[in-house]
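Naming follows writing order (A, B and C), and every chain is counted from residue 1.
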Amino acid sequence: MTVTHTSIEKPSLDIASVVNRRAAGHSLEAPFYTSQEIYELDLDVIFGRHWFFCATEAEIPEAGDYVTVNVGPHSVIIVRDDDEEIRAFRNVCRHRGARLLDQGCGSVGNIVCPYHQWTYRTDGSLVFAEYQPSTFDREQFGLRPVHVRTVGGLVFFCLSDEPPSDFDEFSRFVEPYLLPYDLRTAKVAHQTDIVERGNWKLVMENNRECHHCDVSHPELLTAYFPFNRHSEEDVPPRMRPLYERYKAAEAALTATRTAAGFPQEERRELDSRPTGFQLFHLPLDGAGASLGKGGEQVCKKLLGSITDPKFGDLSLHMQPNAWFHFLSDHAVVFWVQPLSPGETLVRTTWLVHPDAVEGVDYDVDALTAVWKATNDQDRALVEATQCGVANPGYVPGPYSTVEDDVEAFVNWYVKRIRSSLG
Amino acid sequence: MTVTHTSIEKPSLDIASVVNRRAAGHSLEAPFYTSQEIYELDLDVIFGRHWFFCATEAEIPEAGDYVTVNVGPHSVIIVRDDDEEIRAFRNVCRHRGARLLDQGCGSVGNIVCPYHQWTYRTDGSLVFAEYQPSTFDREQFGLRPVHVRTVGGLVFFCLSDEPPSDFDEFSRFVEPYLLPYDLRTAKVAHQTDIVERGNWKLVMENNRECHHCDVSHPELLTAYFPFNRHSEEDVPPRMRPLYERYKAAEAALTATRTAAGFPQEERRELDSRPTGFQLFHLPLDGAGASLGKGGEQVCKKLLGSITDPKFGDLSLHMQPNAWFHFLSDHAVVFWVQPLSPGETLVRTTWLVHPDAVEGVDYDVDALTAVWKATNDQDRALVEATQCGVANPGYVPGPYSTVEDDVEAFVNWYVKRIRSSLG
Amino acid sequence: MTVTHTSIEKPSLDIASVVNRRAAGHSLEAPFYTSQEIYELDLDVIFGRHWFFCATEAEIPEAGDYVTVNVGPHSVIIVRDDDEEIRAFRNVCRHRGARLLDQGCGSVGNIVCPYHQWTYRTDGSLVFAEYQPSTFDREQFGLRPVHVRTVGGLVFFCLSDEPPSDFDEFSRFVEPYLLPYDLRTAKVAHQTDIVERGNWKLVMENNRECHHCDVSHPELLTAYFPFNRHSEEDVPPRMRPLYERYKAAEAALTATRTAAGFPQEERRELDSRPTGFQLFHLPLDGAGASLGKGGEQVCKKLLGSITDPKFGDLSLHMQPNAWFHFLSDHAVVFWVQPLSPGETLVRTTWLVHPDAVEGVDYDVDALTAVWKATNDQDRALVEATQCGVANPGYVPGPYSTVEDDVEAFVNWYVKRIRSSLG
C-alpha cells in the first residue's frame, strides 16, 4: 500500500515578472497580500535582511531583563546582559532545539533550557551541558547571536549576517532628535497587543495616510488635524477653515521648537535606502499639548529636557514595520509582527517620564484612549481591505494625491524585493 | 541569514489523466473531494464559467436592496438598482480594494466604501472619489459588473466574461413552468444557512438520489414517496404496495395539472449541456397537498394562480449548485456555496404568497420542519462520506440502478472539466 | 474571468540529499519535524510500510467488539470476528466511500454503512447491497483487509501489502516474555488520549531517554531511578549514592526473575531491522513493587502467573510508535498516532488482572497518577521543542552519552526513509 501524494501543476508566478509589472501609483496585486509564498519571501527578504524595530530599552531596564520577539517562525531573545549591554540571540537551545524562553518578557540570571538544563550566560556563552563526552567543546555551542543596535532608546535587530550599513547614517541623523525625550530612562506605562486579520503590508499602508482619518477616527481628530501630505490645492472648500488653523499651528510649533534649540530639519527618505524612514513634525489642534480632552496634557511630568508642553508631535516612520509619536508628555511606539499572510500583530507601547506615578501624574485610560480607539478603527479598515483584495474581482487601484507615503512604502517594498532578485 | 523555503517534490497529478481514467458508473477518485488544487480548479472551471444560482428576486424586492454572495474567495453584490433592474458587481472598491458591503443583505442608497468613501450608484457608476488628480477619469472606475439573469424570479450570475449561451434555451423552457407560481412577488418566510463539512460535490451527489431516503429521512417520507428514478423492477417486494400507491398518485397529479392547463412535459438534460438541468413532477403521499402532518397544507394562501392545493411538487435540479421544490402553497429553494475543499454552505429559503401572514396563514416551524430535519440528516451523511473518501483506503464504488442522477451530475462535472482542458 | 492559481517557485528539498547529509549523533534538521511533505512521506514510508502497534486484545474481548484506529488520514477497523479471530479492515464503504464506523470503539453484529445500508460481516464479506444490477458480484466488494498480527495480547497492523517479514522473529523472541503476564485476558482499567502539539518523532525521541527525568519527572522518580543507558562513568558525583542503590536493585531483580524461571536475556535491536525493538528490565526504587507511594503495589491482584510483587519493570520499546511497561500488578501501554506535522495523539492504556475490581483491588487515581503526571510533563517538553525546531535559528545539536536510544530511533528512521528511496 502506498499513500499517493498528488498535486495538480499550477502555473507558477514568476516573481520577477510580477514585481516588474507593478504599476506606479497603484496598490499591489493580490498575491502580495494573500499568498503563502510571498509571505515567506517577505520573511526572507524584508524581515530577514533589514533592521527590524522590536522593543524600547525601557522594557528591559535591568541586567537579566529580556523580551522575546517573534517574526513569523523566528523567535529572538533581546536581553540586557550582566554588563548592561543589550544582546540578541536565537531563542533555541543548541542541544536538541527546545525553545529556551517561553514568555514574552521576564528576568533571568542565566538562560536555562527547560529540557536538559543546558545553561547559557546572558552574553550567550554555554556554561553547563551534562553527559557530554570529553571531546565536547562548550565554546562551539554558545547561543547564536543576532545583530542588535539601539538609537535613542529604540532597539532594532537584523537577522541577516550582513545588515544594511546605512543604519549608521540613520542613527546619526535621528539620535539628536530623540535625545531631548530621554527614552532610555523612560517608563512603560502601558502596552497592548492586537491581532489584525490582514497582511502586514496593509497594516503599514493604512498607517501611511490620513485620507481615511476624517471619517474613521473621531477620537484621533480631537487632537490631530486630518492632514498629512495634503498640499494646499488638495484641501476641499469644506475643510478650508480647518486647514488655515493647521497652518497657523504648524508655524507656532516651528517657532517653539526653534526657540528651544531642538533640531528642526525634516527628512523623508522612505524609499531611497534600505533603512527607509521619515522624520517630521505634526502640530496639534485644540489646547495643542497632547492627546487629552481638547488637546490637554495626559501626563503631568514632561519627558526628558522638554519644558513646554505645546511641543507638537515628532513623528518617525520606519520601513518596514514601525512608527512613533513623540509628544511632550509621553511617547507612543507602534510596531508590527507578521503572523501569517493574513494576520498581523500590532504592539503599542506608551512611555512616560520615569518618575511619573500612575494615578498621580497620569491615568492609564486617559493616556491610552485615543490610540486604543484609533487602533481598533484601523483594524476594521485593514480587515475590510484584506477581505477585498482576496476577492479575485480585485484589481489594483490608483492612489490619491494625499497617499504618497503609501506609494513610498510600496515603492520601498518593491525595490527591496527586486534588489533581492539580483 | 536566509530563511530557506524547501519542499519535497511530489509526483504531480496529471489532471487530464485523472479525468480521462474516470470509470463510468462509479464515484470519483478521492482528490476530487479533498484536494486544494482541484477545489481551485472547480472554482475556476465550474463556478467561474457557468451560471450560478444565487438568490430569489423575493430577497431584494425594493430598489437599493442587495444580497452579497460568496463563492470561495469571490464576493458578488446582487442589487436592485434605482430602475428596479437587478445588477451584479464585484464586491470590491476600485481604489484600494476594500470590501464594499460587509453584510449578507441590506438596503443602500449608494454603495459607499468604508475606507475612503469612494461612492458608487446602484448601477455601478462612480460618483465620488476625493483627492484625485485632474486627469482622473471616473468613468474608468465604476464597479466591475458581473453577468446576471433572472428566470421566473430566480437569479443567476456568471463570473465569466463569456457565459454559456444555452441559458436562453433553458430560460425559455423553464419560465412557463414557473410563471403560475409567481415567485417574483413572493415573500421570504424563512432562510437558513448550514455548513456541511464535506466537499460541495458530495452535497450535490447526496441531493441527486433518494436511495438513502428510506432509512435516513423519516420526516421527508411523511410527504414524499421514497422513489426517484426507480424503475418497476428496482422495487423490492417489501415496497410493492407503496410503489403502487406512488403510481396512482402520479397518475392523479398528471390529470390535475393537465386539467389546469399547466405545462406538463418533463425534461432531463442533466449532463448534455453547460446549463444542465432537470424539470420533473413528484406526486405527494397522504393528503397529497404539501409538507404538513399527513401531507396537509402548511400555508393557507396558495402561490400565484394555483387553485388546487393537491398540485404535487414541481422539482427543478440545476447544475452545478441548486435544487428547487415548488409546491402549491410554498416553494423551497436550496443552493450551495463552496467554502473550502471540505466545507460547503447550504442555504435554504422558504417562499410563500406575498399576502400570507405569519401566525395567521402559516407557522414557520410547521412550514420548515421537514426540510430542516432532512437537511440535518443529509449533513451527517455528507460528513460521513467526506471522512471516508479522505481515507487512503477508499476506492471508487459502483452506483446502484437508482443513482443515475448522481451519475449524471458526475458526468456533467467531468465533461465540463474535460472541456476546459481543451 | 479566470481565477488564476499562482505560486512562486520554491527551491525543492532533495530528500535524498537531506537524508544523506544527516550528521550522526545529532538531532534531525527542522523539516523532519515541521514540513507537510515529510509528514506525508512519514505516513507513506514509516506508517504505511511497517508494523504499527494499535491496540491490546483486552480492548476487544468479545466477538463483534471493535476499535477504530486513525493514522493521519487512514482509518482502520480492528474487530474480533464471529470466530474470535482478530481482523483489520479499511474503515470505508465499498459503495460510495462513507466512513462505516464513526466511534473509537464499540460492538457490532454486522458492519452496516449509515448511507445506503451496505452490510458486511465481521469477516469483511458483503452480505447486502440494494438496487444493484444482476451482474453485480458481491464477492468483489468485501471490505479491504489490512494485515494484522497479535503477540502476547498486543495487536499490530501493517497497511502495506507486503509487511516486513522480520515480525515473525520479533514475535518468537518477545512472546515468551509476555506470556507470564497473560495480557490476552487482562482488563482495561483506564485509558487516556492526549494531544501533544509536536511532531510524532519528537514524542518518540522524548520517550527514548531519561536524561530529562531528573528535573522534569518528580512523580516518576518516586518509583524509577533516573538512569537509562547511563554507564558508570556517566554518573555525576551527586548521583553516585543513587546509582549504587540502582545497581543493587538491578542485581536483586535479576535474581528474582531468574528464580521464577522467566526469560531474562535482554535484546536491543532498535535500528538494525525493520521491526526495531528493545526488551529490557528496569529495577524499581523504594518498596520496589510498583508505582504507588514509596514504590508500593497499586493493584492487589498480580498479573498472570506472577507471584512476587517485586518483579521490576519489563520494558518494551517498539519502532516506530509504541512503548510498554509490564509490572507485577499492572501494565501500561503507550502508543502514538500522528495527526499532522505538529500534532500527535498519545494513547495510554492501563491493564490489570481480569478479576481485579475497581475500588476493591485498585483505585484508578492511584493506578494512573504517576503516568498521567509524567505524560503531561513530557507534553510540555515536546511542545517547547516543536516551537524551537520550527525557529529558523535552530541547528541540529549533539546527543549526550545517555541519549543513545534517541540516536537509535533517529538512525532507524533515517535508514527506513533511505531504503524507501531505493
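The rule is simple: a contact is a pair of C-beta atoms (placed from the backbone, for glycine too) under 8 Å apart; a residue touches a chain by one contact, two chains touch by 3 or more.
Computed from a predicted model, the values in this text were never measured in an experiment.
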So which chains are sitting against chain A and chain C at once?
B
Rotational angle, Cα trace of chain A fitted to chain B, multiple of 5°
120
Could you classify the chain B-chain C contact as same or different, where same means more than half of all interface residue numbers appear on both copies?
different
List the centre-to-centre spacing of chain B and chain C in whole Å, with centres computed as mean CA coordinates.
47
For chain A, write out the residues touching at least two other chains, lowest number first.
1, 3, 5, 10, 37, 40, 73-74, 392
Which residues of chain B touch chain C in their complex?
1, 3-10, 27, 30, 37, 40, 43-44, 48-49, 72-73, 159-161, 205, 211-212, 215-216, 230, 234, 236, 380-381, 384-385, 387-403
For a test of understanding, state which residues of chain C touch chain B in their complex under the given definition.
1-3, 5, 10-13, 15, 31, 35, 37-38, 40-41, 73-76, 90-100, 102, 114-117, 129-133, 136, 141, 144, 146, 392
